[in-house]
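Note that the chains take the letters A, B, C and D in the order they are written out, and that residue 1 is the start of every chain.
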Amino acid sequence: MTRSGFLGAVIVGGLVLVAILAPWLAPYPSHAGAFVDVDLAYHPPNADHLLGTDGVGRDLLSRLLFAYRTSFLLACVVLLLAVPIGVTTGLAAGYLGGWLETVILRTTDIFLAVPSLVLAMAILGLFDPSLTMAMVAVSFAWWPWYTRLVYNVTRSIRTEGYVEAAETAGAGPLRTMFGEILPNARGPILTKMTLDAGFVILMGAGLSFLGLGAEPPTPDLGTMVAAGTPLLPDVWWPTVFSSLGIVIAVLGFNLLGDGIRDLFGADESC
Amino acid sequence: MLNVAGLEVVIRRRGTTARVVRGLDLSVGAGQRVALVGESGSGKSMTARAIMGLLPPTASATGHVRFDGTDLFEAGWAGLRGSRMTMVFQDPMSALNPVFRVEDQLRAIARSRERSRLAALLESVAIRDPERVLRSYPFQLSGGMAQRVLLAAALVNEPELIVADEPATALDAEIQQLSLELLARRARDEGTAVLLITHHLGLVRAFAEQVYVMREGEIVERGPTRQILRAPSHEYTRSLLASVPRLSGAADG
Amino acid sequence: MINRLVRRVIGGVFVVAGVSVLIFVLARVVPGDPARLALGPAASPEQVEALRERLGLDEPVTVQYARYARQALTGDFGISLYTGRAVSADIRNTFPATLELVLFAMVFVGGCGVLFGVASGMRRNTWLDHGLRLLSVIAVTTPTFVWAVAFMLVFGFWLELFPIAGRLSEWLLPPERVTGLYVTDALLAGQWRHAADALHHLVLPAVALSLPALGQTARIMRASMVDVAARPYIEFARAYAVPEGRVAFQYALRPASIPVLTILGLELVALMGNAFLVEKVFAWPGLARYGVDTILYKDLNGMMATVLVMTLLFVAVNAVVDAVTVFVDPRIRYRRDS
Amino acid sequence: MAELLAVRDLGKRYGRVVALDGISLGIAEGESLAVVGQSGSGKTTLGRLVVGLERPTAGSIRYRDGELAHRSRTRAERKAIQLVPQDPLSTLNPSRTAGANVALPLVVHGLPRGRARLVELFDKVDLAERFVDRFPSELSGGQRQRVAIARALATGPRLIVLDEPTSALDVLVQARVVRLLERLRQDLGIAYLFITHDLALVNSVANRVAVLYRGRLVELGPTDSVLRKPQHPYTRRLLSNVAVVDEAEERLKPARPDDEAVDQEFA
């Protein structure tokens, strides 16, 4: 793997560990919840609170560590929902063709014409915003990307000799799609999933920045940026550190994704 | 015209180096038709590239390639490549830029840019409606037409040496033969030296006066074509010849 | 050629219609009772009933959609619960601001993105390439709202180089409306100071908005240049001593730009999504900020209209991109419809 | 000779393009029939119709007593007609081992698919047991084509469609694959439909030759007589273009047509 891909793997691996071990790593685990101590409000970074404290006196470092749990949970659930749907519809459209292909592709056209962020916002606006709802909303906007990706890969693989040999040998459509074609699409899919884990975190942060994500007091990166912004530039630490928290995570997934792409020799299209 | 002496080409890939051409000697005189024949991986294409100064960045060459007495590894190819020495590429469809018209592509490489000259040139490579072909984009041409355009590109500056790297291998036998006939005519009429790189012994017989048989980077046998095809002295040449499918005789080869 | 045009127009109409159905279903069907949703739990049953009647919610959904579509075609999107005005009037007031922002950002994306990508691809594995790639990856992975906030802090508060809110300084009156784009209108009216001021306001939000798409464009442009550089036709050009500059800027750039063009439409969509964040941060009085507010206020009419107008913009820009692609890639121009 | 497969008035159109037009030919048990033509002659389409990858738009395909043209094939029919695809690079699924590739038809048809059976199939194509666990990327072009042949043999077919199985291989490897195919045909009594563009090859691989030109059958006969006394001008032209290596062959070739005729073909 390339050097930057390796760096990405280290970042992602480290952050996943941080998220899992947050209750033990955080200096003030209770600050991840609805803790309030007004005397501690807006302390700049110091020896007790390495990244400072927020408006109700909670330790920012502790909240940042716990916020990664929220972000990774969102990324995992969205991918677990969106990828199977996208893969199935993409395979079906690309391999079976006919009216099914038309219906599936035209549907994705419609979804892709609306910014995913706006689609997710619209759904969240209609229901009461919460982390669970955010997961559903983002997945709803996300699956067509996988449909498109898998569709394109399927179209380029379906006329390969081994696919036709499998058909001649008597393999049915399900076996051909999932047994012969899908394993050869795993490079692009895995690449996109890794990159997307970062972009889902990015979108989740955007949603909660607008107040449509995880409900307080759940620690969340976007919410923390939003809470800090009005106090800029004097109280800079909440915004700066939570922003950096987002950037590092997304960057990690991006570098790792590029590394995986190189590993599989896939192209830039995913 | 062309004299190659002690040519070595090494390719570095992930820390390992492979010697793909090992001490190769070869020469082509003016008006001569010479073939370099070998299986895939024998190093014949790398030889062609080394002669033309078109080796990939991972490869490097040592030895001597002399063109008209000038050592190209010292003097470089400036002023020679593309004008006095040219190359016919393997796959006509991928060698032509898909988004420019044939005319623009020929003009970009030709010293003389008169349209009437380009048209005459296309006619000389058996293109009957040169005006249409000049106006066309490569994807609007058949493989055979595109191959003729490549030939025209190789001839446009009236070179003294043409290196033809497996011309038209992907196309039908007919266009292959036509390409070679046009090149042979050029050698006969204009005294152009032609080096044909191929894996096909039949084409060697049809085209070349002299043949070099290459295997794993080395020349294993050389000599007049007729003699080598009739009485090969090297074991490898014999087995190659024995493997060629025949129109007549024993089926097992 | 004509066939392609017709197919594209039909495709565009289909997409707009599809989005309208999608968003209508989301807004009117999924939530159960949109009237209750809009008025909140504190409203009395009579108030809810009154609103239901006003919105025509008692009729079958298909009838509702037919009426909505008919009215939308005449430019009537109903009344905004958020502003209390006609949604169409709100859109007229806010859309030009967003259009100006998005167009300006797209200029950055197209210009700088392509330039950086080409520079990177041509000077592969030099410090320039490494530097530009690092910048691109940071541009892509940093949230737009973080860019917006950072720019505001650095260039607005600390360096005081740029204004941080609105489209025009308070002491200036907006130029007479022709296009609705302040810079253009001010130039048309010969108000140079107004134009400069509007441009001054535009820079920070437009650059913040453009960065993710810019980074993505640079990356794809680079990959495409690298891909094209390995093609036999580039080797062919070299073998025939075509000058290097001409090889790069003519032989390679044109085919290499085709993949960038094909994803430009999708980048525009992402960019419009990010406009929702940027306009919020810079208090930009545009359609995207209106969209955020209508969503937060559960104003269904406003929300649906916002999405539809943005889809129309997407379809229009895509048509332009398509025309450019056809110009660049003759294979599309002459391909027979099969 | 009992007729195994009979094709009558077979036609295939793609929209307005006619790929095959009224082809009639038969293949006997254990016979090898070569189908020759330039690109675009319809020879690959014919192979695809015979193995059932596509349905014809006209005519009939009879296998023994069953009419295959316009219905789904039965299990037995699927097992009986197999395919060896052209390109050695894509003939095997790159994400499965050679053994798993060969096992696929066994799995599909519920046949015994133990290690012993795989080793037996690999042995038939002269591949040692160790190749069972290799991935296609670790095999040479010739080895891949052998694996593809083993896969085609797995169901015990009566007819194998070989779509230019050697055109991407070097001549030494090609000669070995051709010898293998011939031996398998003798031993197992399988019939071949051998698609190729190389007339020189048919002498070593086929009893009879069918020449296709622009979707039509222009000549059909025993290999020897087609090569020695070609009847159709197109066959003569194909023959005249074969680049041969010795004088005896050269004498077999008819005179080349002039450039004018060549031009018409490629315009």
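Note that in this section a contact is a pair of C-beta atoms (placed from the backbone, for glycine too) under 8 Å apart; a residue touches a chain by one contact, two chains touch by 3 or more.
Just so it is clear, the structure is predicted and the values come from calculations on it, not from any experiment.
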* Using CA atom averages as chain centres, what separation in Å is found between chain A and chain B? -> 53
* **chain C and chain D: spacing of chain centres that average the CA atoms, whole Å** => 54
* To do: Using mean C-alpha positions as chain centres, tell me how far chain A is from chain D in Å, no decimals.
  => 49
* To do: For this assembly, give the contact graph shape among line, ring, star, complete and other.
  => ring
* To do: Give the pairs of chains that touch; include all such pairs.
  => A-C, A-D, B-C, B-D
* Which residues, counting only chain B, touch chain C once they are in their complex? -> 52, 54, 77-78, 81-83, 86-87, 89-91, 94-100, 108-109, 137, 139-140, 153
* **Residues on chain A engaged by chain D in the complex (per definition of touch)** => 160-162, 164-172, 175, 179-180, 183-184, 186
* Quick one: which bits of chain B touch chain D in the complex? Just the residue numbers, please. => 39-40, 126, 128-129, 142-145, 172-178, 199-203, 205-206, 229-230, 239-249, 251-253
* Within the complex, which stretch of chain C touches chain B? -> 231-233, 235-242, 246, 250-251, 254-255, 258, 328-331, 334
* **List of chain A residues in touch with chain C within their complex** => 106-107, 109-118, 121-127, 198, 202, 205-206, 209-212, 222, 225, 229, 232-233, 236, 239, 243, 246-247, 250-251, 254-255, 267-269
